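As written, the chains take the letters A, B and C, and residue 1 is the first residue of each chain.
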Amino acid sequence: MAWVNAIIQGILTGGLYALFACGLSLLFGVMKVVNLAHGDLAVVAGYVAIGIITVTHIPVLWSFVVVVPVMAVVGYVVQRTMIQGALDRSVLTTLMVTFGLSVVIENGLLQFFTANSRGLGTGLALVTDSFTIGSQIQIAYLLVVIFAVAVVVLLGLQYFLSASKYGRLIRAVADDKEAAQLSGADHRHVFGIAAAVAFGTVALGGIAYGMYSQLDPTTGTDTILLFAFAAVVIGGLGSLWGTLVGGIALGVAQQIGAQINISDEVLAGYLVFLVILVLRPQGLTARRAQS
Amino acid sequence: MSPVTEPSVLPAADFRVTRSQRNVAWTGAVALIVVIVLAMFPYIVYSGTTTILVQAFIVLTLASMWNLLAGYAGLVSVGQQAFVGLGAYFVLILAIHGSSPFLALPVAAIGCGLASLPLWWLVSRLRSGYFAIATWVLAATVMLIIEKFSSIGGGTGMPLPGLAGLTPALLTAYTYWAGLAVTVVALVAIYLVLRSRLGLVLTAIRDDEVAARSSGARVDLARLLVFVVAGAGCGAAGGLLAISQLQVQPSAVFSIQWTAEMAFATIIGGLGTIEGPIIGTAVYMVLQQTLASYNAWYLIILGLVAIIVALFARRGLWGLVDARLGVRLFPVGYWLRRNGDRSRGGLLGRLR
Amino acid sequence: MTAPANGEESAAGTPLVELRDLVVHHGQLQALDSISLRVMPGEVYAIIGANGAGKSTLLRTIAGLHRPTSGTIRFDGKDVTGLRPERRARQGIVMVPEGRRLFGSLSVMENLQVGATYSRPGPWTIDRVFELFSWMHDRRGQPTSQLSGGEQQTVALGRALVANPRVLLLDELSLGLAPVVVQRIYGMLPQIMASGLTVLLVEQDVSQALRVASHIHCLLEGRTTLEGRPAEVTAERVEAAYFGLAGAGVGGQPGEGSES
């Protein structure tokens, strides 16, 4: 029974991982580059939320409403300034710049907030309570809510990409940047929009993670970036719902690893990731099905 | 009117290709003098200075390796700390079994070079972003696996045996000389690699990988060689780290800080040049010494400077110097000269 | 030849597209050497030449995908040499790129919608494109990969038209298409241009170009070898200019007889 519990737990955490991953998948699909600071942005959002709550005492859930849009705007600005500058030079430069950004953010957080881990909303019933099915299966409310939110976000993203003007532009630029330019689209602006979406969704994930677990300066790379990337790789690049599939697969693998040996949870995730990378060496060809 | 005009063709026999500028002899002599002077440091400076220099040696070795990877082979690895850690653990394991840690250094280097082979098999087909993250995952995985072995300290680490018999002064001196040796060997190795025929392939990759591949150059072999050399080099640095720290802790030797330091130093100094890492290490050491008491600040500033340099001064600080003076300390390029032309500039300038 | 074909008659007004001494490099390789030309409104201006002559480079530079080393590009009198490609498209210089370059993951309709996103005001709408190409409406939801080459070319054309361009740049329309299909598409040019368009096209197929063009410009190894109206040039002269044979005797040198 513990196994069933673990698997359900794994499936639900897949929703959280999908939140981390969908932005990364979007950015990678449009700009063809990995933002190595992606995870750290989630952590920054979490810390900002913690800070705002500490200072203004607004209800925890309101922090989402405040932080997520701000992070989206920050995303647009960072993309248009720093990352676009790096993209104009080379893929290598983009990796180096985003890596630099990641290190600067992490050490900045370390410097100002110490290495202690922090959490959000620890007093909320939503966060601490769980419900039981039968006699042995215990599921935290929070996980279910996060999973539901993830599904809603993915649905929203799908609608955005398939039916809106900017969604079309993002897909067009991802297909053929030059042809999009010839149709009048400024690809830098389109990249900016995509980055805004990515930063916003990962911020959502970061705050949620702060409620589900704890945040510390290194969580960005140790946990979030890796899980996001693994979910994208497993689920298939270019597939939005694939990030959910990949997240679920990752979550389940981790829980199985934890069942075998509690300290192996993280290692299990890494190994699954490596296996997938070896089996699908090019990191998967971009699938044209959905963006 | 004939619309087609013949471009003027110059007979090939009038030209020759030479390897070096005139100042290579000077560079070699200066380098030798520098090394000899450095070797005498334990006799003439305080141990505090030599300890700092050991740190510089470690960073310089690491930075040179990262430069080889990213600047020449186009491999942005964020997981070199795997080899730093493995090198440290090689030394530790050998020391536990009775060897002198100093003698274990070359073994650690070779061991890491060999260990890089299976790891290369895992990641070699990956492109840029995937490669970067995969190397990072590999490093994290290696660390987690090593932490499982309590005989070598498990998750908390253990002190390095085999050095108890030495006096502090002698230990410091030996560590220093080991550091100097590692650095010199590393730089010479890199110089030889880049000067070799495979090195020309690397330079071609550095400039345009697609073109290099389509010209039939042994790109894959070159990248493999670079990964192995970098693995060995980082391993040697890791062994040195173990010796200088007198202990081996997984979280310290496998820390991503090492990649951050080697990457930033290289970027700031100048990616794709041998001289770059030297300058970058100097900058790093200055920053680290002046901000030492402020913990994470030196990495923050270093990171910001690296970002700015990467965006605006692609060839780093050395690139700025190089562009002005046209100087190369390590002559690995080729010059095209007209026979009888003794000038510095050559006919078509440098083919770098 | 006497009358320079560049339309220097001031009564006709400013040229819609004017290039002056355009020099373009690909890295260190010179692709175009001091090209000058003028396209008047309403013309069908065809650029011909062998492979590697620089035709596509010229068109791409006009579209803004390539920065010239020196020289100017003027659009309706305004200097656009420094404008980014998307700005030029929004101003009315719209190119149908070589090889169609449709958005592969988008449907036919979506491709047209993208083309219409930054359109200028004008007579062309998606519906009008559907009228022009009768098969398109019923298959508008299909992914473009399922279309034939000719159908893809018309979608690409439609995508450019819905932007309501003032000058339409057509890059190698005939590439990879059966001659029958090519003729049919070119046959629609008059209909398309009835709305007041000017066309600047690059074409490998010389006879096809001669059939539709009001003006011919031949390139060889990045240099102009021939210019004039099709009626004024003989087949032999075109051939000589195309292949770079001696004795071509080019007429109507660029800039000659007109105030530069």
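Rule of thumb we're sticking to: a residue touches a chain if its C-beta (ideal position, glycine included) is under 8 Å from a C-beta of that chain, and two chains touch if they have at least 3 such contacts.
Quick caveat, the model's predicted, so the values are computed rather than measured.
Farthest chain from chain B (centres taken as the mean of C-alpha atoms): C.
Remark: among chain pairs A-C and A-B, A-B carries the greater number of C-beta contacts. With centres set at the average Cα position, the gap from chain B to chain C is 52 Å. Rounded to a whole number, the gap between the C-alpha centres of chain A and chain C is 45 angstrom.
Mean C-alpha positions place chain A and chain B at a centre distance of 33 Å. Only residues 28, 33-34, 36, 82, 85-86, 89, 91-93, 95-97, 99-101, 103-104, 107-108, 110-111, 221-222, 225-226, 229, 233, 266-267, 270-271, 273-274, 277-278, 281-283 of chain A touch chain B when the two sit together in their complex. For chain A in complex with chain C, the residues that touch the partner chain are 165, 168-169, 171-172, 174-176, 178-187, 288, 291.
Against chain A, in their complex, chain C makes its touches with residues 63-65, 84-86, 89-90, 94-95, 97, 101-106, 110, 113-115, 117-119, 143, 145, 159-160, 163. Within the complex formed with chain A, the chain B residues making contact are 70, 74, 76, 78, 122-123, 125-130, 132-134, 136-138, 140-141, 144-145, 256, 260, 263-264, 267, 294-297, 299-300, 303-304, 306-307, 310-311, 314.
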